[in-house]
Amino acid sequence: MTTATDTISAGHHEAESHGGSYLDRKGVLSWIFTLDHKRIGLMYLGAVSLFFLIAGLLAVAVRYELMTAAPDLVDGNTYNKLFTLHGAIMVFLVIIPSIPASLGNFVLPLMLGAKDVAFPRLNLLSLWIYFFGASFMVYSILDKGLDTGWTFYTPYSTSTSTAVISATTGAFILGFSSILTGLNFIVTIHKMRAPGVTWTRLPLFLWAIYSTSVIQVLATPVLAITLLLLIIERTLGIGIFDPAMGGDPVLFQHFFWFYSHPAVYIMILPGFGVISELVTVHSRKHIFGYKAIALSSLAIAIISFLVWGHHMFVSGQSELASAIFSFLTFAVAVPTAIKVFSWVATLYKGSIHYNTPMCYALVFLFLFTIGGLTGIFLGTLSTDVHLHDTYFVVAHFHYVMMGGTLIAFVGGLFHWWPKMTGKMYSEFAGKLSALLVFIGFNLTFFPQFIMGSQGMPRRYHEYLPQYQTYHLWSSIGSFVLAAGLFIAGGALFFSLFGSRKAEKNPWGGISLEWETTTPPHEHNFHGQPAVNCGPYDFPEIDHTQEKAHA
Amino acid sequence: MLAKLQAFYEKYGPDYVKEVLAGEHDPYGNHISALPVYYAIYGALLILTVLTVAVSYADLGPLSLPVAMLVAIIKASLVVGYFMHLKYDTPFNVLVFFGSLVFLAIFFVFVMVDLNSRGTLVAEQENFSIHRAQDPAEVKPAFVTPKNSDHGGGAHGDKKDGH
Amino acid sequence: MSTSSHAPAAHGHDAHGHGEHPKFLAHHFYTPEQQLTSAKLGMWLFLAQEILFFGGVFMAYIALRFFYPGTFLAAHEHLNKLAGAANTIILLTSSLTMALAVRAAQVGNKKSLINNLIWTILFACAFMVIKYFEYSAKFEHGYLPGKYYHGHGIEGAPHVFFGLYFTMTGLHGLHVLIGIGVLAWVLIRASKDEFGPQFYAPVENVGLYWHLVDLIWIFLFPLLYLVR
Amino acid sequence: MNTFLLNAVIAQAAGGANETTWMPVQASTVAADTDWAFYFIYWLCIFFFVLIMAAMGYFMFAYKASPGRKTSPVKGHHGLEIFWSVIPSLLLLGIFWVGFKDWMTLNVPPEDSLEIRVTGKKWSWSYAYPRFGLAGENTLVVPQGQNVKLIMSSQDVLHSFYIPAFRVKRDVIPNRYTVLWFNATKTGKFQVFCTEYCGQDHSRMLSSVVVKTPEEFQDWVDNGGGDPLDPDYGKPQPPVVVGEKAYVQACAACHSVDGTPRVGPSFKGLFGKTEEFADGSSVQVDDNYLRQSIMEPNAKIVKGFAPAMPSFKGQLKDAQVDGLIEYIKTLK
């Protein structure tokens, strides 16, 4: 679909680019010591995709083992290592950096009209801290593996002999990469906006990244201190968390979840930002309720710090604290609901183009709504007693994490791929992958809801035969889902070697990143771009009706 | 911007030292306090330190923690306000500093709400008393310390032994 | 057009490098004002992160003191109050000299800047020396952290108190060491006459970091050493 | 000794009446309320989900792109936005209340409940009945229709005691007690899972709750407990085995079987030996002497031992006394 890109919409002046793109400088050193946010974004994208492949294969191995009730593929310990490493790699290495570090790094300065992020060297430092931390995680995979679950609950994590220290050191270091990226983005959004880019003209992707960065800066340090105390606990036995030495395991859970619940919002908020962009650009319509969505991102960021106790209703936490946490959990559900309603309302009277990013956005809306609604069961006190730590929880967080963030990440990738690489992917392969991912995902995780409420506990290596059929369907679904994701990856990867050149503005987006050349040259813009209209004032919008509506 | 810089440089000259710049602003608008302000703050901090130590020797009983914390907060606010110039800084920086304190307070308050109210509804779920039930029927508050194996556990532990 | 590459500041979050003209302005900033305010905002965010990082340790203190009130009161008698008070005064003085150094940079007084930086580093080293003596005294009494504790005469769970004591003061000491490193780096750049009224962001940021380290000790000292 | 999967399957098949697609059988008093709350939220979510997806589906169909198509300039609608913020908030408050009111009943065990101590250790559960002085592994036997309060603790890592049929779950912590209560309404066998990850055999840390009618439960207590799911439970056991069990339960504390005297003389080689008594008399040990020293221990005190033995009259059944004597005969 190509809109008339030559009619640069009012308000932007952008001399036609001369000079090459940011990809022109060759040589490994130009990549290792680059200060260019676009290259750093690409390197993050490569690393995140690689770890997504590894953790995804671990997931398929887990599902393959669970096809049969009996423990026939691997023994107990290996299975525990499989699901733990699947969880740890997905959380720390894939889903937290995925959208902010790769898409965010690439698109944020472009959307702001800035030459680069506020602290380019700090950006490079974050990338290297990420690689350094990732090396610890890889070492712990190869060393003795990790079998504590990604949550590292004591006293199991202080008594097991597997590679807990190297994995926690890895997560500790990765935390700093996340903090410094968040810090960088907050300062960039505050200080480096081009003239005319006021707070109300900021694309919603930037509001989402801004809220995510606030959580990253305020929550990740508590994870850092938790892991540091866990390492000291294992080495010196100081007795803060380990009951054998006088500590309290529930105190560890408080420390851990104080970070980890805001962390799930670090994961989903950038996904919201991507969906706000996709839904508006591809239905050629202004977002429905800009202020509501922008402020709900910030509201989620703040309220997310008040609700961590709903992970601990049955873990020995006091009944009063559980009741307070349950009440506040419902407060955080409201802004999320507002967002979903607003996205659906954006489709009203639009002109919807069914290209791959839009397909993924619609898949997101379907899956994330299920994920969000099932969260209510787990936030309610009495039902959570029955459902906690069963496959109902596994299905819930996969619907919001996988169905939410990963689908938004892939959708965002398809959306900005032409701008990033200058190459166009094949629409057919993209849409086929969206369809397969949709079918595979529901087939994998919906049976887990039923199995979970029937009492099937999570992290089980062998299970009672009555859950056999659910597991069978779930495993088949996971293979379909894996196929879909491979096709999506293939479509993007092989487009690099394909001949299809991408136009300057394939989707007709009017936020600033579409104003520069494709792929953008090293310093993004020639001179200082200026903006005098909102990010969603598309040419197709019929302002004549405005009198009628005003 | 640069013109202002040149003017500032000519006016004060490179080896400018003693000039009292109370209330003067540098070209960026950052506040420069006068030298006596620094020494006054330093003096106040020393006095407060001496006060804290003195308070700890005078046995105030339950009041000693709040008083010590109050003095520490006053000292901290002096350092933050004057030495770190937060008093004259942009509002967003002030928001960032106090915002982090607010989230810290959230963490403290919710965890202490949990720790305090653990035994309220069901007595057995008493907070933190070391009960290691080797023999299910009988409970002895064994607590493993490396060397001295006398019974540990907080005040709750002493009062409460097995049924 | 590329900026002369400077070793990124230990925390790398303040402005760096010298752009084309004027020389202290990095290429991606449009005005020196933008560069300085960005650097300061970045530093304050970094301080917010540090506050929450140490907040976790203070949370552990509060929780464990709630679990073991008796032990905490008994065990903290064995800490050397004099050394603690001396360290507090040393850190406050180093905070003063740091603030004076930042002021000297703002007014372009290079001699006073260098003197104050040297004084700050000296006080920081004095702090570490006192800490070394404190720690060695504790090791002799066998008050080691966690399972290595073999002291006598303190009932309850003294190893928890000393585990926490060494964690908190060790973490703080580590931050003092980082501070000394960063101060030395700023001292070197100051001696190369890089700072003046038009460019003093690194000095200011290191000053903010150092005041935070002092701030944490202001709370650590009463909680560990004094509170009855 | 873990319950093997196979025999669990046979017993579990007796699912029972009101098992729905989403929820297992309701076998405790709180189950009905939890299921009501579950289905209340369930239908509310179905309603909203269908509403949103229908709207999305219609918009997707009706507003497909076509060349030159103009789109509406609407940027928001305050009334609608307020509407869809307030309504979900009120509904969510209602849902919170539904969850909260059951939370209290779920958490506060009634006063008169039968206390049972549960101990979780790496990969098996063990139970103790302080009121009856019974202990058992792997199967929790409870009376029907009576409040049962489990006081639980762990010996190593975190575990979690979960009975899906009763809708109850509570983590088990090494340094503290946690309590869980239920009132079983249906008899039969119900599966118990460990739901807090605890290492290698976390998925084998299964156990079962057997609910008996009060009369059956009393019989079970009377003949010394034991694991009803054990294949050889209830069949008449040879006296020697009954005797050995009784020895472990009642005598092991003071009498050894390897010859070393403790509070009381050792049982090794006791039968047929001539025992000398404090008052100088002596008798050859036979069935009557053993029975008498069990029933009235202070009648004849063996020389050099204190009269510290309590009488077991009424505590040990005849089968257990006979078994004990047979068992002592085997100790040469």
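First chain written, first letter: the chains are A, B, C and D, and each begins at residue 1.
Here, contacts are C-beta pairs under 8 Å (C-beta built on N, C-alpha and C of every residue); 3 or more make two chains touch, one makes a residue touch a chain.
As the structure is a prediction and not an experimental result, all values here were calculated from the model.
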Furthest chain, CA centroid comparison against chain C: D
Pair exhibiting more inter-chain C-beta contacts, A-C or A-B: A-C
Chain centre separation in whole Å, for chain D relative to chain C (CA means): 54
Between chain B and chain A, distance of the C-alpha-averaged centres to the nearest whole Å: 35
Centre-of-Cα separation between chain D and chain B, whole angstrom: 47
Sites on chain D at which at least two other chains make contact: 107, 174-176, 178
Contacts with two or more other chains, residues of chain C listed in rising order: 37, 41, 45, 48-49, 52, 55-56, 59, 63, 67-68, 147-148, 157, 159
Set of chain B residues in contact with two or more other chains: 92, 99-100, 103, 107, 111, 115-116, 121, 125, 127-128, 130, 143, 145, 152
Touching pairs - complete list by chain label: A-B, A-C, A-D, B-C, B-D
Footprint of chain C on chain B - complex, ascending: 1-2, 5, 8-9, 12, 14-17, 19, 21, 26-28, 30, 32-33, 35, 38-39, 41-42, 45-46, 49, 52-53, 55-56, 59-61, 64-65, 68-69, 71-72, 75-76, 79-80, 82-84, 89-90, 92-93, 96-97, 99-101, 103-104, 107-108, 111-112, 115-116, 127-128, 143, 145-148, 150, 152-155
Complex contacts: residues of chain A adjacent to chain C: 114-122, 125, 179-180, 183-184, 186-187, 190-192, 217-222, 224-226, 228-229, 232-233, 236-240, 245-248, 251, 255, 523, 528
Residues on chain D engaged by chain B in the complex (per definition of touch): 107-109, 117-119, 126-128, 130, 133, 135, 151, 153, 155, 174-179
Chain A-facing residues of chain C, complex: 8, 12-13, 16-17, 26-28, 30, 34, 37-38, 41-42, 45-46, 48-50, 52-57, 59-60, 63-64, 67-68, 145-148, 157, 159-160, 163-164, 166-167, 171
Footprint of chain B on chain C - complex, ascending: 22, 31-33, 36-37, 40-41, 44-45, 47-49, 51-52, 55-56, 58-59, 62-63, 66-71, 81, 85, 88-89, 92-93, 95-96, 98-100, 103, 106-109, 111-112, 147-150, 152, 155-157, 159, 197-198, 204, 207-208, 211, 214-215, 218-219, 221-223, 225-228
